[in-house]
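What follows is a pair of complexes built around subunit A, which joins subunit B in one and subunit C in the other.
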Partner chain A sequence: MQRLIIRKEILSSVRDVRLQVAGIFLLSLMLVAVLVGRQGQQQIQKQRAEAQATMYDKWVNQGLKHPHSAAHYGQFAFKPKSALSFLDVGIDNYTGVSVFLEAHRQHEVLFSAAQDSNGMTRFGEMSVALVLQVLLPLLIIFLTFNVFTREREEGTLKLVHAQGVSMRQLFMGKLWGTYLMVLLIFIPVVCIAYFVLNRETAGLDPHNTGKFVALTLSYALYFLVFILLCILISAFSKSSTFSQLVLLGLWIVACIILPKATTNLADKIHPIPSQFEFRESIKEKVSNGIDGHNPSDVRLAELRKQTLEEYGVSTIDELPVNWSGIAMQAGEEYTDQVYDQEFSRIEEIYKKQNRLSEWVGFINPFLAIRNLSMAIAGTDFQHHVVFTRAAEDYRRAFVKKMNKDMEVNHKPGIAYGDYNVGEEMWSSVEPFAYHLPKLGSILKNQWRSVSALSLWLVVLFALVPLYIAKVPKL
Partner chain B sequence: MLIARDLCKDYGSTVALKNLNLQVRPGDIYCLLGANGAGKTTAINLFMNFIEPTSGQAIINGIDVTDNPQSTKKHLVYIPENLNLYGNLTGLENLRFFAGLGGALPDKKTAYALLDSVGLQKEAISRRVKEYSKGMRQKVGIAIARAKMADNLLLDEPTSGLDPQASNDFAKLLEELRQKEVAILMATHDLFRAKETGTHIGIMRAGVLIHSLKADEIKLNELEDLYLETMKSNQYAATDH
Partner chain C sequence: MNVLNHIIRFELMSLWRDQTLKLLLVIFLAAGVYGIYFGKFEIEKQEARIAVVQGLERNQFDSLVAWVGLDTTIHANKKNFERAISPTGVGRERHFTYYVTHDTPPLAGLCLGQRDLFPVYYGINITDLARQVNVGELANPMKLLTGNFDLSYVFVFLLPLLLISLFYNLYASEKEGGTLSLLQAQPVSLTTIFLGKGILRLLIVWGVSGLLLLIGFVLQGISLTENINLFSRWLSVIFGYSLLWTILMSGIVALRRGNSLSAMMGLGLWLVFTLITPALLNLLVNIKEPVPNRAEVIHATRTLNDQIWETPRSFVMDRFNENNPEFGLIDTSDFNKWYYAGLTLLDEEVKSRNADIEKQVTRRQEWLSRWDWLAPAGVVHEYLSELSETDRDSHLRFITFLHEYHNDLKTIYYEKIFSSQTFNRDDLAALQSKIGD
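Up next is the complex of A and B:
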């Protein structure tokens, strides 16, 4: 019986010219987005990898120099483009591409695509995710808004019931029929996306397949939730017009109004300090101490006293090591503490904002899939944080190496300009390498979104047997 | 066999059907006559379990409809006034779909033969139903009944709006089913068709079955007089809604 209803639903939809046009349009749109997106992603990744190699090459070939000068000469870390970012660009266009790494300062990641492009970028780049999250649900609405109401209006519902079909059997048949219709559009996109993903071994992430499967399943879950919701509304609506209005209203609220409202609300509840406030706070803490009662000159005097005691000498000139190297590394470490504290504060604010959006996923499945999708695609804020941390760790390691060399090898009495090191030293610093988080940690981090989608599914399925028998048959 | 036992349906203070008692045996065509709102469709809807009775029982082949709504439907076919099938499916596909839902999925060849046997033109069988006339759709309905081999048929004004030829064809199909021992309950406004096709005739007014008689015991003009008299009489006005 179920198979008959499913087959009939598919046949009716496939023969509907309006749905044929809409389906082909969406399918074409997604295929173009896959191909263009993948090409763009590979191009950008190639550029960034080349830039990273060029910068490292410059570092290695910077010539003879004092290690501290080299620490200021600095390096660049380029954020690799996640292989799955061609499916969901997430917030990649707004988070910057590269960061300059030098002694004493943590720079921000700069040169976002949004800075370089026109205002249209702010409306979102055409990507597969946009079609899957926003436009495909619109097609689902047109597929489902009248699945029950039309049957009631045209009298076929009576005829179906007259054959001994219960409302629940009919509901489930319609649900799986519509779901298969949606999969008919979704699966070709998945297959082609997987093919283009694996066509060239540009994969930075060996876990791409796992992430791709997780992404596919997440969308499959999202569509099922959306279809269930739409069919339930159609079943309880008195007319097709009413059902269509309700569903379109819900779509506007879920996909347009609520995401914007959530962002604004998050910004109001957890405001981010301005760039000026942020920089001033760091300057203040470096100068007067983290607690405000430990000025830099006092810290330096204390360090000098400790160092002299350690080496059993009474003046800096008598030290067997380079005092400047020690002082700089100590200053570096103190500044790191200040930056860590300030960046953690900002990160925490961003995390709180994102968490709010994830919680709202429990009332809006669109937000749940949006957060989950960009997390799996490697284009969410968490991936940006992981990259900035990796870049910062790298900065600290190479600056420490320069300071240590200065401390140990730049003997007292040798003028700054007379102590230089070369290629052997520079190439002992490994090139910057960044590894994307694994699927397990992504899903763990996104537990709210995963739970929200699962909960939506469970609740909607639970509602079917509870309420479907109450749907009027006439 | 269809049995109504003290079957009642109220909508608040409005009486839609009052103490209906009737029996349609295999090989009977029971025609319910009456004006709009007389309770004919309510009676059929109660047998179909589209609505629940206020009291009394609708029984199909010995099974109470309210207690076993799904299982009773295996034994019956319903053809409403406007048999709206799925427009995007062909006649053949509609037949296979509805008969299949009823647990009697015919193969394509059998389905084709069934549609042919009810007089649907061959070229129409594979055409989408949205291009069908009402008469053609009613024929698909009869084909569904034949496919299901149901022993009870409920018809709610099936010939209204049909041209005389189509109406006559439909009556012939009903007669064929009657000869196969199908119990048929038909709500109709058509006195002539009721007299010609029916074995039993009931006249309803204001939810009450006023007269129940055998079709061969009354002439058409007598039936017409009785019907008009029943409609005019004030005797039943108290229960009118």
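Up next is the complex of A and C:
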């Protein structure tokens, strides 16, 4: 019986010209998004990988010079464009893409695409995620808003009931029928997307397939939640017009208004300091100490005393090693501590802000899938943080190497300009390589969104047997 | 004309008795007022940041002016006096930091535009500008992505929805309510009747929009008399946009379809014009005209900087003397002269590199503007941010101003440095006038 209902649902929808047009439109939109998006991802990734290689080449071939001059010549880290980012661009257009790495200073990751675009960019970039999160639910609304109300309005609900079909059977039939149809649009796109996935960047992310499956399952879950919600509302609505109005209203609030309101609220609850305050705080802590009672000249004097004691000499000139190298590395490590503290303070505020929208996912499933989707696609804020850290760790390691070489090999008494090293030293620094986080850590980080979607599903399914008998048949 | 008047009057009466219309208008106005407050909140945040750096700059400069009058026979005064008169500065805080601010344009709070993507102030000193502008304002990228719920958003996104909900059942409700045949029996043509109904709805939307814009001016404390020109230009953009949606919806009404299908078509148009076409254009422009790699500019800076330090001083002085004859021939013996001449070279290099990069960005904009007629919402938003001076061009004008400001400062400082002079009281007074009030 259930199979019959499912068939009837699918047939009546497929015969509807309006739905045919809408379905084909969405399919072609997603095809364009997949194919053009994938080309864009490949193009950007190629540009960045080339830039990364060129810059490393410049580093290796910078010629003979003092290691500290080399640490100032510096290196670059380019943020790789994740292979799945063409499915969901996330915050990619609003984060910097490259960072200059040199001694003493942690520079910012700079130059977002949005800064090099006009206001149109604020309307978002077409991606499969946009279609799946925002437009497909709209199609679901038009598939489902009258599944019960029309039967009631045409008087067929009573007939069906008289034939011994339970309300529950009818409900489930309509649910799976609609779900099958949505999957019919969704699955081919998924297959094509997987087929064209950029495999050249496999080295960057060996877990592409797992993430791809996780992404697909997340959307499958989201659609099921959305369809359940729509059919429940249709079942309890007095008229088709009413249920259409309610569903469209919900859609506008959930997909258009609530996301903005949530982010704005988060910004009010957890305010961000200005760039000026941030820089001043770093400057203050570097010069007066993290606790405010340990000024840099005292720190330096302390280090000098320690070093002299360590080598059993009484003046800097008698040291067998290069004092500047030691002092510089110590200074470097102190500022690193300050940077760590200050940067993580800001990151923590951002994360608190973002967490609010993850919690609101329990009220608004759109936000849950939005956050989960960009996390799995490698385009959320956490991925940006991981990249920034990787670049910073790389900077610290090569600057330390330069300082160490200066400490050990730049013998006292030799002028700065007279101690030079070359390619052998430069190429002993490995090129910058960055690996995307694994799926496990992504899901762990997004547990709120995963639980929100699961909870929605469980609660909605639990509601069905409780209330299904109360669905009005007239 | 009389008939039309008559229709409009009666339609107004029947609309007035309709609760749905009032509800829709209240929701629209409420969204607008929220947008106005949100914009005000964001702008006040920016202004507070500007005020902090301006206050700091003023205080610190006042100290310099006080120090220049210090009695240097007292040993303790010596260091501060030196700091005040030395164009190269002394000690760890070598140079005085000037804060150049992008002051809030009058209507910025109504349309925040691209202003949140860029810093509204830069702290700069007289060393090279090239390495001082590579900073961004702290902002959560998630917030930048989600965008601002300001008044322009309400007009660009929600105004069409209001129009759609006012128009979609214009024909169908008469038909479904059974009143269509009554109308057809009237001596007036159906077209005239619907024209009257349509005009009235457009007038209502115009009225509400104008009211909302006026509320925006009042709540944000924007002077109407000083900005009457901007007010009327904003209004005409919004009126034009409403007219466009009215025409689109009239087309749907003319198809004489049912309630549900008309609503679906209206919503479809809205999706296409405000969501889909802008998003498609943004996707395509990335392939047609990719975002330039600005790291190349930093690379050029560091390469030149490397050359400056790693090669004999004549490398800098030869180039500097050729480009800047106004300082007379500078020799290589003085570290300071060589150092500042080197910084000038960096700025010149970056200037030409940035011009190349900006050309690539311009090609992006040109590609977009060739196709933007497909995305009227994008065009309207761009117009509004242009009028509010919150678009990208406004930021570029600020950057140009920043360069001029830096150049002016350099002229004053470098004249002293290259002639080995120090500042006196008058020089500092002249510099103080650059800080403003």
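Operating definition for what follows: the second predicted complex is superposed on the first by the 468 of 474 C-alpha atoms of A that agree within 3 Å, B and C clash if a C-alpha of one lies under 4 Å from a C-alpha of the other, contacts with A are read in each partner's own complex, and residues count from 1 in each chain.
Keep this in mind: a residue touches a chain if its C-beta (ideal position, glycine included) is under 8 Å from a C-beta of that chain, and two chains touch if they have at least 3 such contacts.
From a predicted model like this one, the values you see are computed outputs, not experimental measurements.
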Touched partner set for A:430, first subunit B, second subunit C, both or neither: neither
Which of subunit B and subunit C A:57 touches, first, second, both or neither: neither
First, second, both or neither for A:393, with subunit B first and subunit C second: neither
Partner chain in contact with A:134 - subunit B first, subunit C second, else both or neither: second
Partner chain in contact with A:4 - subunit B first, subunit C second, else both or neither: first
In the superposition, subunit B vs subunit C on subunit A residues touched: C
Overlap of subunit C and subunit B interfaces on subunit A (superposed complexes): none
Footprint of subunit B on subunit A - complex, ascending: 1, 4-5, 8, 11-12, 15-16, 154-156, 158-166, 473-474
For the subunit A and subunit C complex, residues of the former touching the latter: 18, 22, 29, 32-33, 36-37, 39-40, 43-44, 47-48, 51, 55, 58, 62-63, 65, 69, 72-74, 76, 78, 90-91, 93-98, 100, 102, 107-108, 110-127, 130, 134-135, 138, 142, 240-241, 244, 248, 252, 256-257, 259-261, 263-264, 266-268, 272-279, 287, 346, 349-350, 353-354, 357, 381, 384
Contact footprint of subunit A on subunit C as seen in their complex: 31, 38, 41, 49, 52-53, 92, 113-114, 117-119, 121, 123, 134-149, 153, 157, 161, 259-261, 263-264, 267-268, 271, 274-276, 278-287, 290-296, 298-299, 302-303, 305-306, 309-310, 361, 364-365, 368, 372, 375, 377-378, 381-382, 385, 391-392
Touching residues on subunit B, where the partner in the complex is subunit A: 45, 48-51, 70-74, 76-78, 80, 82-86, 88-89, 93, 97-98, 100-103, 105, 128
